[in-house]
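Shared between the two complexes below is chain A, which pairs with chain B and chain C, respectively.
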Partner chain A sequence: MISIRTRFRTKKEGREKSESTLHATFMRLCRNPTAVFGGIVFIILALLVILAPWLTPYDYAAYDTKNLFQPPSPAHWCGTDQFGRDILTRLLYGGRYSMSMGFIAVGFAAIGGVSLGSICGYIGGRLDDIVMRFLDIFQAIPGILLTICMAAALGNGFDKVIIALSLTRIPSIARLMRGSVMKIRGMEYLEAAEAIGCSKARRIIKYVIPNSMAPVIVEVTMGIASTVLQLATLSYIGLGVQPPTPEWGAMLSDAKRYILIKPYMIMFPGIFIALTVLSLNFLGDGLRDALDPKLKD
Partner chain B sequence: MSGNEKFLKVDNLVVEYTSGGEIVHAVNGVSFSLERGETLGLVGETGAGKTTIAKSILRILPDPQGKVRNGSIRLDGVDLLELSEREMQGIRGNRVSMVFQDPMTSLNPVMKVGEQIAEVIRKHNKKMERPAIQKAIEMLELVGIPGSRAMEYPHQFSGGMKQRVVIAMALACKPDLILADEPTSALDVTIQAQVLEMITELKIKQNTSMILITHDLGVVGNVCDKVAVIYAGEVLEYGDKLEIFLNPSHPYTVGLFGAIPDLSVKSRRLTNIEGLPPDPFNLPVGCCFSPRCKNVREDCFKRKFPLQQIGEKHYCSCGYAPLGF
Partner chain C sequence: MGKYIIRRLLWMIPVILGVAVFIFTIMYWVPGDPAQLILGAEGTPETIAELREKMGLNEPYGVQLVRYLKQVFIEFNFGESYFTRRSVGGELIARIPRTVALGISSMLLTILVGTPLGIMAAVYQNRIPDRICMIIALIGVSMPAFWMALMLVIVFSVRLGILPAQGIDGVSSYILPILSLSFAGWGSQARMSRSAMLEVIRSDYVTTASAKGLTQREVIFKHALPNAMIPIITSAGGQLAHVFGGSAVIENVFSIPGVGNYMIQAINTRDYPIVEGSVIFLAIVFAICMLLVDIGYAFADPRIKAQYVGRNSKRKVAAND
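Here is the complex of A and B:
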């Protein structure tokens, strides 16, 4: 019944297409110029930040009293601050905190949100009611206020800020995941999985979660951007990373006193924050389109 | 296990769904039995409870809503309804497997088809990665799909091929019983014939019993040995296929046969059965078919008639059928 021609064709196509879902998504992402732009900018920023020790000759914490308030020059591309520290150096080292904390906080939030959301969405019933009402309470409080309260309650420190940032992000991810799971739960392939003897845990891990991740991936990408912003906000009001650790928000906060006389001091941290957030948002938007099953080609 | 025990014996099965506080009477006292290698056709309209019967056998009714209220389902003398969930997991896909109605949605879209077949094999045979995949490729070739396509995803297959994959999955562990829930309804007619032929062939090869759910009497005629006509969750007529096809006795069965187009007769309007199946929230007190029956008598509205033997292997639940109308 299967002719030689079809057999040849299937064999060849099979080779090409076998990386299917992931590969196809990536290809679609590459066709979106804004997303590519966002991706490239983000990769450049990330590389700059990671390679900071090799890119700059200055120390981010050492005072240099001979060079206070230097405007941008070939020696100090972004100028120096009130203690004579090179602003670019501080920005690059500061990015390490902003980005890594963004990633770690959202990573924890994703793990928490995905597991909570999938359990609630899949099992439903009373457990779902209780957890969701609890998350409703969380979501009724403005996000930044909640983060500030938590950061204030937990105290200062790298780990505590991360806890505050990830806890406030869990509800939105959990809610999104739950909705997505509830849609998948009605699918026949889950019944089919039950009919071949898969246990409930296995059905959730192998069938439900992979099929409902798409919106969460977008949310997480965007979430990193807004966590970077939140972290900047926290540091700006003095609840985030403490000096002399360079952090973008803390740098903004330092520079605000000199905004009228030395505007470059506040400009460059602002640009770095904006570029990071913008590039991640572009990337997230592109991912949203690329993961949309209706656009499958 | 006594020697003359039937292979599968479903006795007085009652299944209810709760929906918004109300009770849906989906299956109301269904009984039938099946020998090894036999095929039983469950025929009936949409919503008659056919799929619910199949799902009760596998115990995969939607969890809080669907409940088996009464009855027993004995497979080789063991009541499936009394097994623990863990024991049931060992039976699903292994001794009893199910082919679902819509191949488009019954495969996991993010899992390679070979992986999905290997999943059943691994679950029930404790095989390591390599031999399970090898077996999965063998199964694919058995259903006429080149093994080289095992590492592709479901969306790269056509509907007919997906249904073959589903069948390969159902047969992978050499089950004793296949529950085929309208396996061909979502396929076009030429593919329907191929798929049915394939199922029957593989079934005979492995001496498997099958329950075929369908609303297509033509398919029943081709494939089945026995027929049960289901209506509003009850068996109206049950028995040997030939006896029922030659001598349909229940007014409902007669109506179903009347609705089949006949090529030998000059075209005229097909007869249909007036009315709609009863509301499962609110079933009639008497015979469930009485509101639509053309030969209805006074006491049909007041009492139910049990299945009674009217032929050698032929049972009918209409009290007046044996008398002739």
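Here is the complex of A and C:
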């Protein structure tokens, strides 16, 4: 039965086949308990952050001088800060900055890295040499230092921080994409595409990129995780988002002054950062296994 | 082998030059006028213009860049701080021992903890110890290092009062910085060791070793581990980048007067010569460390060594022809 179906595969069934690869990947992902756990935690966090205005009765910016430095209690689950603002409320609103900036920065980096990597990997030659040497220079400066310098040079502001975060992530994505493209460069289907008269640009967009995206998808998921960390670090040393904006790193930077008397002010933002990053890492790890079953063992 | 080392050393030159050009360029475009910064509130338009002229800030970008490169790479002079007027090079030399001590010891700790975790995960692949090791590893990667540092300070300095929270007096003040800096590395080291070990465990000679009746312990420690060591050492080299970058933030948290903290403070005061000097300096130290790691494993791996010996003799043959 199966052999007949494959022998007489119609166009419609051919499309079903490609859907089923996606489906199979998804099923493999669903069978991985840590990945499912990561996915669920991330969705919950994202929902909490998006629905923040409906979930909390407090205002994240309004001062409440009667309730300064309240320790965690039923009224304020994570306590209040030096201005009496509810910390949980600030964490939920702050997640909007941390998560969206992480996503946007990595999104830009992915666009830049994938196009650079696929062009270099597929076309090769002089261009490839020059770009790769340029990336060598970028990578000679240890990761976070590069981000710190870029952020310092560009100055404050959400857009500038996002630019700094995404520029520093481009080299690793480009390198990965290039390696992945080079593996498929000699494949027959690319020769076939060339033979039927596809232009270079069309070949890259239609065949090269979709067929070498798998490792990049993993890198991007993990990249969001580490960008959230980097953003927190930048804000902590005063280069990212500035207080009183309730970004997680900025909150930590603010809370550091009270480390001796109010340790809970430091504990909760860190837990939120760690949970977000951990869930994305679990998801990325599961994606790696699901996209490439060979790598798993 | 000698050729390999020389080629790697020569390749360092354009990379470091590139780093210098790059960092000078981004600092050049930073908004704000250094002359204005130095003179502060006391500066009048005339004195600012005079200082700009004296510092050569009115010259075009290219001239300033070449002058800076000449100063750094020919005179080995990183300039002086805008505010304290102290030589940046001297300060860097005075600070580097602390950064290196912090970096090397946290790298050692990372290797000592991460590698066994990864090996255990590989040996018990897909069983409970594997899952536990990998979850610990991922948790380590997911925590911000500076937050980890703050939490350690809360527990060991504020609550228990047994370790100092700031500065450096004696060995005990290095314990918390080393712990918080290495914690993030455990995960990636464990992950790399796991995959290196898994690759070896599936090879034929390991199957043979267990087939001839060796105990699992003997198979793992005598046959699998020595062969997995090369990729494990390589991945440990990758930890360097992490440690060098991370040390800046950790030094800042613990107020350790190292290179990284020097740089971060300079960024906040906009003392550009310090920022440029520190980045170039760290890039050089980083490149040298990477080179040492590369040479180290080229020596450790007979295959890589043979590759170079083989290539050299081939070349000699070709030359004789």
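To be clear about the criterion, the second predicted complex is superposed on the first by the 275 of 297 C-alpha atoms of A that agree within 3 Å, B and C clash if a C-alpha of one lies under 4 Å from a C-alpha of the other, contacts with A are read in each partner's own complex, and residues count from 1 in each chain.
One rule holds in what follows: a contact is a pair of C-beta atoms (placed from the backbone, for glycine too) under 8 Å apart; a residue touches a chain by one contact, two chains touch by 3 or more.
Since this is a predicted model, take the numbers as computed values, not measurements.
Enquirer: Applying the touch criterion given at the start, work out whether A:S199 contacts chain B, chain C, both or neither, answering first, second, both or neither.
Expert: In the superposition, A:S199 touches chain B alone.
Enquirer: Could you look at A:L291 and tell me whether it touches chain B, chain C, both or neither (first, second, both, neither)?
Expert: Touch partners of A:L291: none, neither chain B nor chain C.
Enquirer: Does chain B (first) or chain C (second) touch A:A232, or do both, or does neither?
Expert: second
Enquirer: Which partner does A:A152 contact after superposing on A: first (chain B), second (chain C), both, neither?
Expert: second
Enquirer: According to the stated criteria, A:V277 is in contact with first (chain B), second (chain C), both, or neither; which is it?
Expert: Touch partner of A:V277: chain C, not chain B.
Enquirer: Looking at the overlay, what does A:D136 touch: chain B (first), chain C (second), both, or neither?
Expert: In the superposition, A:D136 touches chain C alone.
Enquirer: Please determine whether it is chain B or chain C that touches the greater number of chain A residues.
Expert: Per-residue touch count on chain A favours C.
Enquirer: Taking the two structures together, which residues of chain A meet both chain B and chain C?
Expert: The overlap between the chain B and chain C interfaces on chain A is empty, containing no residue.
Enquirer: In their shared complex, at which residues does chain C touch chain A?
Expert: The contact residues of chain C facing chain A are 14-16, 18-19, 22-23, 26-27, 29-31, 125-126, 131, 134-135, 138-139, 141-148, 150-151, 153-154, 158, 198, 202, 240-242, 244-246, 248-249, 252, 260, 263-264, 267-268, 275, 279, 282-283, 286-287.
Enquirer: What residues on chain B touch chain A, complex-wise?
Expert: Residues 58, 60, 64, 88-94, 97-98, 100-102, 105-112, 119-120, 123-124, 144, 146, 148-149, 151-153, 155-156, 166, 169 of chain B touch chain A in their complex.
Enquirer: Enumerate the contact residues on chain A facing chain B in the complex.
Expert: 1-2, 7, 10-11, 13-14, 17-18, 20-21, 125, 187-189, 191-199, 206-207, 210-211, 296
Enquirer: Which of the residues in chain A end up touching chain C in this complex?
Expert: The touching residues are 34, 133-134, 136-138, 140-145, 148-150, 152-153, 155, 225, 229, 232-233, 236-239, 249, 252, 256, 259-260, 263, 266-267, 269-270, 273-274, 277-278, 281-282, 285, 297.
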